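Both complexes shown next keep chain A, but they swap its partner, so chain B is in the first and chain C is in the second.
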Partner chain A sequence: MASNGFLRVEDLVLHFRTGVGTVQAVDGVSFSLERGRTLVIIGESGSGKSSLAKAILRLLPRNVQAYRGRVILDGQDLMTLGEEQFRREVRWRKMALVPQAAQNSLNPVLRIDEQVCEPLLAHQRAPSREAAMEKVREAFRLVGLPVDFLSRYPFELSGGMRQRTAIAMALVSDPSLVVLDEPTSALDVLTQANLMNVFKRIKREFGTTFILITHDIATASDLADDVAVMYAGQIVELARADRFYREPLHPYSKKLMSSVPTLKQEKELEFIPGRPPSLINPPKGCRFADRCPARFDRCSVDPPPAAVDGRQVKCWLYH
Partner chain B sequence: MTDDVLLSVEDLHTWFELRRFGLFRVGHVRAVDGVDFVLHRGEAVAVVGESGCGKSTLARTILGLYTPTRGRIVFDGTPLNTKDERAMRAYRAQVGYVQQDPFGALPPFMDVRRILDEPLVINGIKDRATREARIRQALEDVRLTPVEDFLGKFPHQLSGGQQQRLVIARAIILQPKLIVADEPVSMLDASVRVEILQLLRRLQSAYNISILYITHDLSTVRFFSERIFVMYGAKIVEQARTRDLLDNPQHPYTRALLNAIPDPDPDNAHRFREVPPGEPPSLLNPPAGCRFHPRCPAVIPGLCDVQAPPDVELQQAHQVACWLHAEHVRQESA
Partner chain C sequence: MTWLASNLRLLGRYPSAVAGLVVILVLVATAIYAVVSMPLTEAINLWRGGEGLWQDTPRNAAPAWLNLFRREKLPVTQVLDSRNLPAGKKVEDLGDGLTEIRIVLPFEFNYDGFPQEVGVFTYATFRQARPHATMRWVTPDGREIPVVDSSLRSSDQFRLSQDSRLTRRLRNQPADVGLFADPNATTPRPLKGTYQLVVEGLVFEEGADIDVKLVVYGQLHGLAGTDHRRRDLMLALLWGTPIALIMGFVAAVGASLSTMLIAAIGTWYGGWVDGLIQRITELNLILPVLPILIMIGTLYSRSLVVIMGLFVLLSVFSGGIKTYRAIFLQVKESPYIESARSYSASNMRIVFRYMIPRVLPVLIPQFVTLIPSFVFLEATLSVLGLGDPLLPTWGKVLWEAEANGAVFNGHYYWILAPSVLLLLTGLGFSMLGFTLDRVFNPRLRGL
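For the complex of A and B:
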């Protein structure tokens, strides 16, 4: 993995204060991503993956207990920027987010064209309304939506179309990095496949860098150049997609891969017994230890990442 | 052969009337529009289709929650009469329901024991000791053990997977002959899905329960059903044994569906997936003729857009509704 990435995240930490304790949602995450590549962050619920997206885009709630680390985009450490500067220069300009269930986040009382041009007007990315509208039409063409839908309201569109609208909204300001949080999870197979084709086309035409966050390993393979597996607030494996899919190394990654039903190959399906640990007071040693079939006595200490075969695996088995 | 048929659905139609301002009849949403199939004892069948194809309405009509507009449902030899309250209650005691949202299916103010007790009490099992024993058995069956640990818990204290197990326990506690499972695992994490589906499989085999498994996720059906029905636009377009459908799909829609499902393969990132253009049809104003024709790569103009195709029986219990296989029928009647 190149250490001079387009995006470099170093020791990113995001903890939330709650009534029952501190949720250590993102607990020292580091990775690097080259321009034009897609990093897929695979994790199940409770792994902290959505919090990671928010941490990168600095979309923080009020109850933040700790937020530190480095997020270096194109050579600039975003964590050193003030709120106003971040909002003006970075969010919806250099980086954009398509949040989870984005199709439900559209404003029901505004026409589609009003909503999609909002990021441009709010962040002064277009000299005039007419110029903004032209960019909106372009974004619609990119995602494969007919431009006559611009004058409609969200309720007139199907779930798949609304999701494409949300994606158009993220793309309209030409960001160089787009974070997609479960972009297709509530959608049907054919709509999912369609959207993946849209992302592939955007990758090819514009060289956009994507971070795709999902629990769906199979759909992730449609876009993945690099894969990071997240468990209990930490990245346990980081590898190039072709190596990861052919042979995952971390015990959790292996179990995850074998729990995915496949149409085309015969396999024995497995599941992972137990539950992920709470992010409040996570275990002191390796966080996967109590569910791990390969657990041994060293695992009572949290392993640092080991470099194996050009990838990183956070597991004592590889030290 | 008819002896082991548990459920027979005959020319089933479920239509919903659409009225504007509560007064003017605008039309009907034809959610189930001519469905025929049989389900055998102890058999698991998957009904697969995208959202809006009518599969959930089909499930709810079979559960007795909707009255069919036309056609009938025959369960264990007796046709269902939705007007007969007593008969419907007796019927519902024999059909368990597992739905998509486990948390939404469970009353938050009742603990596990009460949740499982309720169906027994409603169905007239007066003896407390019997009820207690059946509650324990149900919890053991779904592996929510040790039983003592779970009896006093409330739904919010359980994980998603445990909640769904509880829903399944409730569904089997009256020893039903049929379980209707509508997207039972789509809201659960990937690694938990297999657990739940294997549980249903085990129960099917242990108690000879038939399962009607409704889903849009074709990748799981290979492991958990004997036959698959593919639904599109409120109709079943193909029916076959699981192996046959997956190895040898005949309907263009089925082929498109199978093609769209990714296996975890890194080469996927380097090629585009072929997907039929357009959207699923409106059930209020479905297209004329075959409902898939506007998106079909093999459409025969003048035929597919005019006349709905008949069901053609191919070999080995494989049925498809497509003019590509029925040209001989048309020519014979011409």
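For the complex of A and C:
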């Protein structure tokens, strides 16, 4: 992986304060991503995927305890920017987010054209309302929504259409990086496939860089250039997609992949015994050690990432 | 806007909303009529009363339309002014600078009751020598009763009903009975027909003149009757409408909108802003509003603006803040607010475009039902003696009726008219408000 990537995240940490202790939702995550490529972040529920997205976009809740590390986008260190500067210059200018449960992310009292316009107006990105509306129509064509739906209210749209609206909202200001937080999770298979095609087309036509957060490994394979596997707040494996899908290295990735049904192969689906560790006081050593079939002595010490021919694996087996 | 229009169209399906709207429209039309027909200063001036302003109206007269429901018709006031009836005035030069002016004021009296009072007002112009006038009362059956024989000043009032010599001449009946009574009847009964007041005046100078106004005060007057100071109650009822509506509206806007706004801002920013707002609210909730208002009314000013302004101020930080806060806390955590934050909508944008529109459906019906409650409040304060000292309002009418024993004396109209108006206002706005609630909050529709 090229170290001078378009997006570089170094040792990103996001801890939350809760009543029962500190939740280490994102704990020392590093990766880099080249322009125009798509990084798929996969992991189970609660592995810190969405928190990672929030940390990159600096959408922090009130109970943040620790937030540090470096996020370098296009050569600019975003962590040095002030909140207002970040709001003005980065969010929706350089990167946009399609939030989780995007169907519910639409203001129920705004018509959807006004809604999609909102980021432009909030950032004063359009010289006039008409110009903004023109951009909105363009974004609608891009995501494959009929333009005559523009003057409807969110409740008049189907789930898939609302999802497309949310995607249009992320694309309307031409960001170079779009973070998709489980964009297809609540949709039926057909709509999922449709949306994936939309993303592929956008990627092809505009060279937009995507970070796709999902637990749906199969669907994500369609779009993925790079894959990062998250487990308990950390990236345990980072690899090019073709190689990852063919041969995952980390024991967790292996188990994960063998739990995914495939179309052509006849295979027995496996499962991973046990439960992921609590992010409050996670285990000292390797966080997967308890569930790992290949566990050995060194696993009680936290493994540093190992580079195995261009891939990054956080496991003692590869040292 | 189309959202509003379609909701309003939906209102048409509810008869109670239509009825409420009709009531409100009638009230608004009345208010507009009042404002257009008479400027506020004139209304205040008339209501304050004063010399000569209410000369031609009876005291404590019931509304004239009561006659529609009576078999025995009661008289309404008749005013005959020689200045408006030039035909009845004859001027004859007798030479030597002496001029005789003869004025005949005929009028029909076809009622079954006696008038309340009879008054003659004279207006004379002269330089030195005061004119002299004798007046005769001519009844339908031809009797002539001398009523006035006097030299005149520039203006004189002859309250015939209080003239004790005339009363004695009329066999101890006051003029309002004696001048009209049928001499052949055993029980006093007015004689119907044409009466005349014949004035024979003598002026002693060139250019001197006499004019006479006869007022036969009825027992009924106008649409609303009159009060103890001869003031036409219609004035207060009419002008009370715009005052009540404007005040109710302004106070409701002040109390509900600002309450919601403050709640929204407090909830959104949270932290010490919210804390401060909540503490102020809690403090304000335990303050007794009415005693404070009475204190201000007694010690400082009873002007409507001061009292209502104070009340609105006190009600801004009221329980409503807690209610709205509860709703806003829920709205604040909705995904769409979070997504708005993610695309960097500014704080104010989120408050005004994302949070407040969510609560408007709750606010609008509440706002509409709040209007009459402020109108009632003004009436309440007036009845407690805290009404505005100058403005004619419904509450003031009620207060004066109460202070002058309207119920005790049987002047029901005096109390009923303002009460009915207050009730109508409440009814109209409530019917509309409750229906709006159903339209804007569809979950209630099935109930």
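The rule is simple: the second predicted complex is superposed on the first by the 319 of 319 C-alpha atoms of A that agree within 3 Å, B and C clash if a C-alpha of one lies under 4 Å from a C-alpha of the other, contacts with A are read in each partner's own complex, and residues count from 1 in each chain.
Keep this in mind: a contact is a pair of C-beta atoms (placed from the backbone, for glycine too) under 8 Å apart; a residue touches a chain by one contact, two chains touch by 3 or more.
If you're wondering where the values come from, they're calculated on a predicted model, not measured in any experiment.
S.K.: When the two structures are superposed on chain A, do chain B and chain C clash or fit side by side?
M.R.: These partners fit in the superposed model.
S.K.: Looking at the overlay, what does A:H123 touch: chain B (first), chain C (second), both, or neither?
M.R.: After superposition on chain A, A:H123 lies in contact with chain C alone.
S.K.: Looking at the overlay, what does A:R137 touch: chain B (first), chain C (second), both, or neither?
M.R.: neither
S.K.: Examine A:H250 and indicate which partner it touches, taking first as chain B and second as chain C; both and neither are also allowed.
M.R.: neither
S.K.: Mind working out whether A:W92 is in touch with chain B, chain C, both or neither, as first, second, both or neither?
M.R.: Only chain C is touched by A:W92; chain B is not.
S.K.: For the overlaid structures, how many degrees, to the nearest 10, lie between chain B and chain C at the C-alpha centre of chain A?
M.R.: 80
S.K.: Have a look at where A:K314 lands relative to chain B and chain C in the superposition and call it first, second, both or neither.
M.R.: A:K314 contacts neither chain B nor chain C.
S.K.: Check the residue A:M196 against both partner chains and state whether it touches chain B (first), chain C (second), both, or neither.
M.R.: Touch status of A:M196: first partner only.
S.K.: Counting only touches as set out at the top, which of chain B and chain C does A:R8 meet: first, second, both, neither?
M.R.: After superposing on A, A:R8 lies clear of both chain B and chain C.
S.K.: By residue count, which of the two partners contacts chain A more extensively, chain B or chain C?
M.R.: Of chain B and chain C, more residues of chain A lie in contact with B.
S.K.: With both complexes placed on chain A, how many Å separate the closest C-alpha atoms of chain B and chain C?
M.R.: Across the overlay, chain B reaches chain C at a minimum of 8 Å between C-alpha atoms.
S.K.: Along chain B, where are the residues that touch chain A in the complex?
M.R.: Result: residues 50-52, 159-161, 189-195, 198, 216-220, 222-223, 246, 256-258, 260-266, 268-269, 272-273, 275-276, 279-280 of chain B touch chain A.
S.K.: Which of the residues in chain A end up touching chain C in this complex?
M.R.: Interface residues on chain A, with respect to chain C: 57, 59, 62, 87-88, 91-92, 96-97, 99-102, 104-110, 118-119, 122-123, 166, 169.
S.K.: So in the complex, the part of chain C that touches chain A is made up of which residues?
M.R.: 270, 334-336, 338-346, 349, 353-354, 357-358, 360
S.K.: Within their complex, state which residues of chain A touch chain B.
M.R.: 38, 44-45, 158-161, 188-194, 196-197, 200-201, 215-225, 241-242, 244-246, 255-257, 259-265, 269-273, 275
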